[in-house]
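Shared chain: subunit A. Partners: subunit B in the first complex, subunit C in the second.
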Partner chain A sequence: MKKVLAVILFCLSFPFLAKAQESNKFGAGEIHGNFQMMAQNYLVDSTIGAKEVSEKIRMNSFANLNYINGNFKAGMRYESYEKALLGFDPRYNGSDLTYRYATYTNDDLEFTIGNYYEQFGSGLIFRSYEERGLGIDNAMDGIRVKYKPTAGVYLKSVIGKQRFYFAKGEGIVRGLDAEFNLNEILSTFLPEFNPEKARYTYILGGSMVGKYQADNDPIRILPENVAAFAGRFNFISDKFNFYTEYAYKINDPSLTNGFIYKKGEALFVSANYSVKGFSLSASAKRVDNMDFRSDRNADVNNLTMSFLPAISKQHTYALPSFYPYATQPLGEIGEQFEVSYNFKKGTKLGGKYGTLVTINFSNANNLDTTQTGNEQGYSAAFFSKGKMLLYRDLNFEVVKKISPKLKTTYTYMYQVFNKDKVQNVSGFGTVFAHIAVFEMQYKINSKKTFRAELQSMRTKQDFGDWAVGLAEYTVSPHWFFAVIDQFNYGNAIAEKRAHYYSGSFGYTKNATRFIVGYGKQREGFLCVGGVCRLIPASYGLSLAISSTF
Partner chain B sequence: MKKMKNSSLFLFGIFVAFTFAACDEITGPYTEEVNVTEGGRKILLEDFTGHECGNCPYAGIEATKLDSIYKGRVIVVATHCSFFADTNKTGKFSYNFKTPVGDELDQFFNIETAGLPKGMVNRQANDGDYTIFSNRLLNYTAWGSSIAMELNKKAAVNLSISKNYDTLNRNLNLDIEVEYLEKGNINQQLVVYLVEDSIINWQKWYGHIPENVPDFAHRHVFRKSLNGAWGDRLSGSVKSVGQIISKSFITSISTKYKHKKCYVVAFVQNNITKEVLQVEEIKLME
Partner chain C sequence: MKAKKITLLFLFICAVLSVNAQNKIPAVNVKTIDGATFNTTNMVNDGKPIIIDFWATWCKPCVQELTAIADLYEDWQKVTGVKIYAVSIDDARNSARVKPFVNTRGWEYEILLDPNADLKRALNVGDIPHTFLINGKGEIVYQHAGYAPGDENELYEKLLGCINPEVK
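Presenting the complex of A and B:
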């Protein structure tokens, strides 16, 4: 089936490609797509632990092709790992068509055959997605139907198996999502009511997802059909947005939860208030035994069905993202608050150009649990936090424009990271880190920009103190040049006080970009569900090409 | 409009009914009596482990459980590999369990990258693709079902081992016979390992108090191979059903090993696909 569909798509595509050079159009149809290639050569460096790689050069690449003609859409992706870059799972090995689909929309019914990505609500019980940088791709392969039976009612149903590298997972996933936009439904009863002009919008939703996996275990009696349910509510106004979702899962013994038969549940609440120059947001989450996968024996990031969004701030600077927090699907309770205020220009704190101040706080603890000593594993008090702190991040950011050409950003943060529990390792304990970042961006003229970062992290734990310096020069729209050095000057082991320097430059022409880099990448761990994967240190030359059409 | 609403409610109801119907709530019992079938096929269960891998004891417990359930039909070899098996200067984990063959298997099957604990059941490709090798690794919770399926397969060869062990000089003579129950091919190789059971040493064990266990019994530890990681070719020609090939091995057992705890594991594998066709074991000292 896969090959047949691929051949049909290729046959469809080839005659169009020549024409696509001109306008991407063929008759009423259009072809779009993208291509990306990332290659790296690996050198040995004993100071950072970069080992010899027998292939010397490795490469990840892919291309997407999509054909659209009226209500019909079809496409495919070809991926190649020869061999996969270090840090990617070696089961990404070889080259093949990994994604192909055809979608047709007929009135209010849309159906897809083949591969697709889908999400129900915030994804607490179902999210099929790809995160190429992390090597995550749990695309569905099967059938999806979307149906809008009446105004304001949106039904989605899915069935299929999830992608597992170049194969498919064992479990069959099937699910249904129903969303009700109350404003749109009301408009069917009150024709004079215009939902698009309504001051408030109310949306209700509900999902049910089940998986089937045969019980071939000779010892345990396992549920072959496991279902999860979720309900959500969203209130939207021009200044205020409130979203909440609750999910419940029946017994789902698995590798990650240690084969306990306890029920799972998750609650997510988020509220945002925003007016010109001021915003306030708060969110909270409680997760209890909600690791939900289509294969009970899967680990790391494989075959996940549930997506439990982290509610800590996603940092973009190098040192603040050194200790990234990932949701603990087996149990956590956490909250986040953020307030942002823009001091108007002309005021004392705003100065000539205004000043934006953002304060963010996030925190996650374990659950308050009691071991039951039986197959249920434990019981957990719903509203009570455990005593163990998993993560805390308090950060302040000030963005200040000094002149029309110079913009500066000052950031300070205090992070507490329970490395042993979050990464499921031992002997590292909890890391307490003070981090400061200064960034300046200077616009030399309309085309040339210079940007620099200075970062410092002070900690007595783990690898000790780090400093980072970065300089970037951009000549738009074509060129950029960057150098960065990450220096682990505070490492307790003198010979590990290494510089992780790298340099890169890139050239962009229209929708095509080339980036060449050279330098060192530090070693790190990726740990999920009790199994750890090492992302090894590397050193060498890299080349990236990306193009869209 | 009313008709449309009724039809959507009807559709919605069907989906809800389907989903609710697809729920298996287990209220106990949670385990069942294992029905061990008769058969000539034996299973090689390779447990890749490391003394600083805190989750590995759980896999070891599973291997021991399966060994005990399928008494005599599952043969366990625990190979210490990856950075989890590196020696540590602190003194706690200073014993070197690693071996060159273990390192070779680690690199070949990409074990370190996949993470520990991992295992292989007859080196079967769990997705049926024998052109790649990193797909042989299973999490320990999947070993039981994989073994149950393997046991239903017919044996392609029979293996028998006879030994002559000089306990004083620690010299071991082995004679291994391979009898073809199916037509054989030139890719089949005989591999012979030496394994030592119950080595007492340090082990990290998450969830155990204390976490660093000083007197952990390391079961089924791979010590060395008598003929390399992939063994010797059985025959340069195609073999027909009923033919027998004999191979002899001579080796000495290091005084570092407790020979009362040692046993020999011999298995036949297809050296192209790496599938294990049959395995047998014999203790050095009965």
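Presenting the complex of A and C:
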């Protein structure tokens, strides 16, 4: 108690200290943060499968506070789930401080104690990150040091444990990453060489990550230390960009891979060429037994260390994103191509305001594997694809401005989605879908805009055909109003041909937003940044508030 | 444990009480579109204003906003000398897509990559798009979350309001 009192007294003197010393020193810092809350009331609707929720109202909220003073930063986040919204893991239960840190930066050295997020390369063997909207947070709790010993050399080291809801995972994570910008390094030897004006840039990187978890298994002998290595290379010129990264993991028997002792590996390659008005890009990825977590018994999105997003295009309209693809970390080989061309103003196809055309193709298959019948589980041929198609997507998009007031977008997409395999279910098989979207935006005047979307999905599988209509009216800078109806008109079961309608309006002032919604939400996957979460069907009133200060 | 947390919280409240009102961009490392490490303390524009716009290739309203401003950018630069940093928070799934995406559309912004949301977090940004206006002294004078067509007009008014007459 005495200690607490002492702290309080010490604190109370801050404002005076600050005034006494004017600028600089402790009291002269800045405090910023943000706040977000989302509440929903749940009603029952048997047609869409919205079940009774005993609390009637549930709410997720959090606030971040960050204090900055010169080279010193500190902050914290308080999170509250009373109780967590449907679709969030129920282990998010209650309210607590979940994140706190202090960072000091001194010229080329930076160290952080407490919580932090970090990524090595593209994240193949280590990415600690947050997607609050999806309930994903594998923040580290420990120590991080970043050091730049000389121009062009960037070193990072991490140690700690990862967040697991309101607790921490069992495994200890240790990692080291080094990145070398060869142009910047060269400039220290050749003072006349300016890396910013160089025609070509070369960047090399390498990382090493290890986890430790005690072996308490009564039968198996499990590796207590599992190491993973990754190397990357990036070549950049004005028009051309090439990136590749390869990762290797020693044997890591885990719940997700069925406790096999096979090594893991992943290869990612991407290349693109672009000039003003035209671009061409391609990427390929091969993932083999690369699910890497700081706890061998973790599953779903918990305690992940490897970040393996899909390389297919990320769709934003409701129906094209109805069947979102997620990488199969245990085994996949895939590729993606995109070409985009902006027909200039005044040409035949460009019309008066130009026309933007994008064609995109992506594909993912399983690996070509042979069961070995021993503790290795299987072996896989490196360059050959398996016979099972996991995902395919061919889509065309045309953006055309008709007049200064009217802009239209046309999208067509053909999609093949192996629902059983990707969503880990059975009896649904593979979905083949044709999807078309028409969008128009009409500017009534400098403040008022009307926008509408018409979408159609034709498929004989799963839920059958869908149609979506959306109308939105915005009044800048404060208001928006929207109504949407998603109609499952082609459902094989007549009683399930339901309308999922909803309406919402919102008010924005600077960095504060209020959104009120009412209606029905279909069961489905919500995806942000390539990670997805299943949201059950719901019906009711919702309120969201967010603010940055 | 509980007492420790309360103490920590209290320390913070104290810090809040003793804070002077300022509003600078925190120092964070991001990447340029050419792969080089870029510290945000290097976001400078010779005493003229700066706009920072957080976006992603998959974010429709963000692309709408940057497309609308792209048509006006040249005029804005002539009048105010403003420099726009468009910070993409695309992660590894899409970060290789950013350069072709920007070039096809002919955007002239300074593009930065923030694939693990370090700068986004440091500026307490929630959902995107989120726009900051920084005056010639490096102070954040205005910020806006979300985008509705026409919002660029309000941003321009605020931009005109913050031009330092001495520099002009």
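Definition applied: the second predicted complex is superposed on the first by the 509 of 549 C-alpha atoms of A that agree within 3 Å, B and C clash if a C-alpha of one lies under 4 Å from a C-alpha of the other, contacts with A are read in each partner's own complex, and residues count from 1 in each chain.
Just so it is clear, a contact is a pair of C-beta atoms (placed from the backbone, for glycine too) under 8 Å apart; a residue touches a chain by one contact, two chains touch by 3 or more.
What you are looking at is a predicted structure, and each value in this text was computed from that prediction instead of being measured.
Contacts of A:32 after superposition: subunit C is touched, whereas subunit B is not reached. Within the superposed three-chain model, A:483 lies out of touch with both subunit B and subunit C [touch as defined at top]. In the superposition on chain A, A:275 makes contact with subunit C only, while subunit B stays out of contact range. When the two complexes are overlaid on their common chain A, residue A:388 makes contact with neither subunit B nor subunit C. More residues of subunit A lie in touch with C than with the remaining chain of the pair subunit B and subunit C. By the touch criterion defined above, A:117 lies against subunit C but remains apart from subunit B after alignment on the C-alpha atoms of chain A. Contacts of A:143 after superposition on the shared chain: neither subunit B nor subunit C is touched. When both complexes are aligned on chain A by C-alpha atoms, subunit A residues 530 touch subunit B in the first and subunit C in the second. The residues of subunit A lying in touch with subunit C in their complex are 3-4, 7-8, 11-12, 14-15, 17-18, 23, 26-34, 36, 64-68, 73, 76, 96-97, 100, 105, 117-119, 122-123, 127, 129-130, 133, 146, 154, 179, 181, 183-184, 195-196, 201, 203, 234, 236, 241, 243, 270, 272-281, 283, 307, 309-311, 314, 316, 338, 340-342, 356, 358, 441, 443, 446-449, 474-477, 479-480, 506, 508, 510-513, 529-530, 546, 548-549.
Every residue of subunit A that touches subunit B in the complex is listed here, in rising order: 89-91, 93-94, 147, 149-150, 153, 155, 157, 164-167, 174-176, 178, 188, 208-210, 212, 216-227, 229, 250-251, 254-255, 259, 261, 296-300, 375, 424-426, 530-534. Touching subunit A in their complex are the following residues of subunit B: 1, 4-5, 7-8, 11-12, 15-16, 18-20, 22-26, 28-32, 34-35, 54-55, 65, 69, 83, 110, 112-117, 127, 129, 131-132, 134-135, 138-142, 144-145, 147-149, 204, 206, 211.
The touching residues of subunit C, when paired with subunit A in their complex, are 3, 5-24, 26-27, 29, 34-37, 57-60, 90-97, 99-101, 103-106, 115-118, 121-127, 130, 142-146, 148-151, 153-154.
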